Amino acid sequence: MRTVSLTVNGNPVDEEVEPRMLLSDFLRHELGLTGTHVGCEQGVCGACTVLVDGETVRSCLTLACQADGTAIQTVEGLAPDGGLNVLQRAFQENHGLQCGFCTPGFLMAATALLERNDDPSEEEIRDELSGNICRCTGYTGIVRSVQAAALQLRDGTVTASEGTAE
Amino acid sequence: MEITNEFTVQAPVAQAWAILTDVERIAPCIPGFQLEEIEGDEYRGTMKLKIGAVVMSYASRLTFVEKDESEHRVVMRGGGREQRGQGTVDATIVSVLQAAGDNETRVNVTATLDVTGRIAGFGRSIMGDVSARLIDQFVQCLETRVMAGTP
Amino acid sequence: MTTSLPIDHELHPAGAQYVGAKINRVEDPRFLRGEGRFVDDISLPGMLHAAFLRSPVAHANITSIDTSRAAALPGVTAVFTGQDLEAEGIQPIVSRAFLPGMGDNLREPLPTKKVRYVGEAVAVVVADSRYIAEDACELIEVEYERLPAVIDPEGALDPGAALLHEDLPANLIGRKSESHGDPERAFAEADHVFSHRFVHGRVAGVPIECRGVIAEYDRGRGGFLIYSSTQIPHLTRSVAAECFGLAESDLQVIAPDVGGGFGIKAHPYIEEVVIPFAARRIGRPVKWIEDRYEHLASAVHAKELVMDLELAVAADGTFLGMRGRYNANAGAYGCFPQTGMVDAMCAATLLPSLYKVDHVSYEILAVYTNKCMTGTYRGVGWGAGHTAREVLIDDAARALGRDPLELRLQNCIPSEPYRSVVGMNYDGGSYQESMEQARDALDYDALRERQAKLREEGRYIGVGFSPFVEPAGFGSKAAAAVGQKHQVTYDWGSVTLEGDGTVTVRMGFHSHGQGHETTFAQVAADQLGVRMEDVRIKYGDTEGVPYSTGTFASRSGVIGSGLIMRAGGDVRDKLLRLAAHLMEVSPADIELAGGKAFVRGAPDTARTIKEVAQYAYFGPGSRQLEGDMALTSTRSYDPPESYSNGTIAVVVEVDPETGKVTIERTVAIEDCGVMLNPTIVEGQVAGAVAQGIGGALYEEFVYDDDGNFLSGTLLDYLLASSMEVGPIEVHHIETPSPVTDGGIKGMGEAGTLAAPAAVLNAVADALSPFGVTFTSTPITASLIRDAVAAKREGEQ
Amino acid sequence: MKPAPFEYHAPETAVEAASLLQEAGGDGKVLAGGQSLLPLMNLRLARPSVLVDLGRVQGLDGTLANGGIRIGSMVRHGHVQRSHEIQSRVPMLTEAMRHVGHPAIRNRGTLGGSLAHADPAAEAPLVAVALGAELVALGAGGTRTIPADEFFQGPFMTALADDELLTEILFPEAPASAGWGFREVARAHGDFALVAVAAVVSVEDGRLRDARIAVAGAADRPTRIAAAEQALEGAAWDAAARSDVEQIVRDALSPAGDSHASAEYRKSVAGVLAARALDDATKATGSTA
């Protein structure tokens, strides 16, 4: 067993883990943060995407012990007040999800994108999200959601982390 | 799956025949093979196949099905079972030796492989390349270690 | 007509404001916050974890299984094999015969004698963690006596072929022929006959959430609680109850949030029997979460068909007749309840589609092979048959020098209700109009000009059309129309006005992306005049909701809305009486809207529906009303046949030297009758189209000749991403169905059904200077380039 | 789909890492970015008994420009892609990174990891061979430098000994007259290359000089096509040269077919992409050849 110390959504975590424990399992089953989903454990579908030190990472291709000393953000950390942030609201308003299973991965990938670039072209959005597979939406609603969120962020009326109560 | 390969050893055909049908002598040159016991006709050991990070360990056995010295044709049947996991390898290997000169023998190997389990479960096929590489290693070893030591 | 409803029981009663509006989904916030509750998110006290050992070989007798080393591994609680289940009398899952000469197919939850495909479960390990369970699986020693693998669907019927099921006389699942009109004569008299053999690739829905089961046994009551990621909790309960010899209500099956289904989760599976068995034996809850390899290898596949099609055409382009032979490579077992015949049967019965053709015959057969069993996947065999037909029509148009769209328009059925020669009762639609609308949306003439211009520059763009009819709102009559008379459907739903004025709808239709919590709330709110936020849609728990065959085959929208209109209408009548009583007027004078009841024309008289409900539940005055005043009603609905229609058009650019296809544009014209929520319709269309594009270009389950499964990862079974799919435009036409409640037609599968033909036709159109045509899916880059090269070589 | 158990080490120096690998005696494996290794471990195709994580090793994640550029083995693909310093010296490497998986993969995957993994269809090994990079390996016995041509020995097979790890990669300075081209065809965006070609060429007085053409995905390792390079020496880049190169590249390869693409496809597309990469390369020189 190894001890890992990290922060998850700003909260400090110290846990003993078996070295082979995947970060996805650690978040879901040790910390109870089941919003991060597991779709393949082969590094393809992107459902398990989380932010490690601000960058998108496949949590199924990362060992929990590799995350020692990092700051992790998961979907649960997007709207801490229990409402929806700009991006989440854009997904609701633009039908960016259906079954909702791949959604957390897309939200994290889009969060990282918008963090770097608040005016991405459709092509850039599609490219950036191409590592996340959705079987329900045909991506149309997802791309539109990210565009809508970017527009709002550019307007300057809201910031990415700003939450809105339902 | 059938894999064909041809290589040349620097030895007259009779000598090459003697060496190539002597499992104990060639065993050290079979990449990843560890001969552990011989019972009657059957040679048993561990075959460790290493392809980059992928390592498959098989408990293996090898027998001669046919040894036709006049035609210089030898047929071996090998079988292996993954030591962890459920996969198997079954191989029928037909080798035909032909004199290619006074001190040179051409060896033609045709292996019919039946592989099951995890390693067989991929669309990208590298088995051909891998076996070609293994045979290269085998021949190289044969030439430097076995043949070189042969008077 | 089967459905005559009182005037009040309509989709848009007075005051209705929700149905037809683009309303954001009410279920979204929980998913967006990561608060959905999928099977793997559920943890029960004392729960253990299971992993299955699966067969590495396609066909073999099991000669021995030694589980001792696995059982001895620290952390392992138990290992079970087929022998353990057999010893306790667990019954097989039965896929029942429904045609003369067909045999029942019995599938043991775990096999006791032989394995029949790579990936078939052979044993289950239960341990403290999934990690340990997988460690233990590696320690189980199974001796197999290999048997020849049967892979090819035509070869499966050879007299010498190895037999998969010893209790059946051959590998034939079933066979059926039908002839309508006089096809022999039509073909004899035709000026042109076009034919091809089209092989449709083996594909599946591949939801991003794999399947999963948690089971807990209540020893005291002798019953099970089973969580399963399924589209069909009630059927799952029926099958599991039968396997265990229990009463249905001894089992509670809960399908929590389900991460996509697409038909794949519309079958009962052996894991839904084995995991409860393990939980009962051990006395602790057991969880099994299917991993991606297991899903790809062992959840149902679909649509692998060898189709021989012939089209008889008169000199002027009139379609005279169609003939088809459909052989389904159905895999190792029969799925429940449709059997392995489902794809071939669906493909064949929709052969004439929206074409006016009077002479049609077909032969349907399906065979057992050593591949994963097939079942339903969005669009089912309809899609495979559609692709084969529409590609042949484009080939015919090219050969005749006709525009492919014009040739289709010439042969298209009229917009009025129409009985096809094979006996399908189309309920009217926009068959021609949808083609014309697709043509206009593309600016077809300009597109052809651009195509000619680009060709001069050595660039190849092409356009493909795929007009469709989609059997939808799948009830018993629709099942019969596609040859599945045995697949009786049965669905109930209830509407209840609670004491606080909120409305609860309970129905068996599970929602796994369809947005039922929104659309059905729209319907219910309009029925009772309440605000949408005061409606709750309950589903997924067999203890909590009435019976339903389940959500599949585009049936929930039609049937669910019908149920709510019927049951809601009953409750509305009582609500009107209560309000009238409370307000001392006649029920006929009351209007319900926006959560209020008021006297028509006098909004200031309004009482809130909450007040009326409280009057019903707690107001002594309401007891003066006579008759049954339960503010709840449970109704069933089995709709007549109804068919959506539309056209999908795709524009592609193809690089003939690398075979790379870029989808420039997809236009989908969708006519699903009266729409509940256009936003959700558009989402369903786009999602289905994306899966269709995937099936056309990328997706295929591949087996080698020995039956090895070569598609065990998502790097092998390739799913299209946002880069491959490209933009999808959806346009609506709304032709109300004259036969269903509210004029609603089911929808959701057309994109998957029809997009592949549009893609294949577009690629062939782009490459028409080379004379390339296609007779299989998927058309991979390699296949396309090699086809171009073969034509080029042929010319030299 | 969970990894088998292993012993985990996270050393802080490369020397310590090498000695841990030596102790593991062939059953050890380096964990760099893990984007190829972990899927194999999840599938239990790879099951090292000892895993040596380089994530905490100091000094492997930097770059040092000096004419050419030295790139630490633990520099992530995403960093390579975004680094102006790398782009100004090895722009082909920057371009190639676009084709490596997807953003989340590139954020973890490392240059050294990709080279050591030696996937015959991967981009980084192809670029290393095309540009004549040198790979620096550290083992218990010390440091050695291996030319890329010799480093790749077969499918997923390299010259690295069991107890060696890559520490840095040296990309030489490109001559001012050189242009480059990189072309890839994959089944889908971010998927493994079906075929990829990297080409570098100089143009002097309208004639091609010092062409280097390498192919991935069509042989057991990234492979230079010497015959094509020789044929181009001193030639003008015209339709005849173009068609010659296409033919020579195609004939030089004898790949296997599989369920993703036929053998003929790989051969032929390698030729097509070689010609296209050379179109790009000659254009990039700014001179007419």
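As written, the chains take the letters A, B, C and D, and residue 1 is the first residue of each chain.
FYI, contacts are C-beta pairs under 8 Å (C-beta built on N, C-alpha and C of every residue); 3 or more make two chains touch, one makes a residue touch a chain.
Every value quoted in this text rests on a predicted model; they were computed, and no experiment measured them.
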item	value
Most extensive contact between chains (C-beta pair count)	A-C
Inter-centroid spacing, chain C versus chain B (mean Cα positions, whole Å)	50
Distance between chain centroids, defined by C-alpha means - chain A, chain C (Å)	29
Centre-of-Cα separation between chain D and chain B, whole angstrom	31
Junction residues of chain B - those touching two or more other chains	84-85, 118, 123-124
For chain A, residues contacting two or more additional chains	18, 20, 41-42, 127, 130-132
Chain D residues counted as touching two or more neighbouring chains	1-5, 39, 43-44, 189-190, 192, 259-260
Interchain contacts (touch definition) - all pairs	A-C, A-D, B-C, B-D, C-D
Touching residues on chain A, where the partner in the complex is chain D	2, 18-20, 22, 25, 41-43, 46, 49, 52, 55-58, 60-63, 65-66, 68, 109, 112, 127-128, 130-132
Complex contacts: residues of chain D adjacent to chain C	1-5, 39, 43-44, 185, 187-192, 194, 259-262, 264-265, 268-269, 272-273
Chain B-touching residues of chain D, taken from the complex the two chains share	4, 29, 36-37, 40-41, 43-48, 117-118, 120-121, 153-157, 192, 219-220, 256-260
Chain D partner contacts - residues on chain C that touch it in the complex	130-131, 134-135, 138, 291-293, 657-660, 698, 700, 702, 710-711, 713, 715-716, 718, 720-721, 723-724, 780-782, 785-786, 789
Chain A-facing residues of chain D, complex	1-8, 10, 31, 34-35, 38-39, 42-43, 51, 53, 55, 78, 101-105, 107-108, 189-190
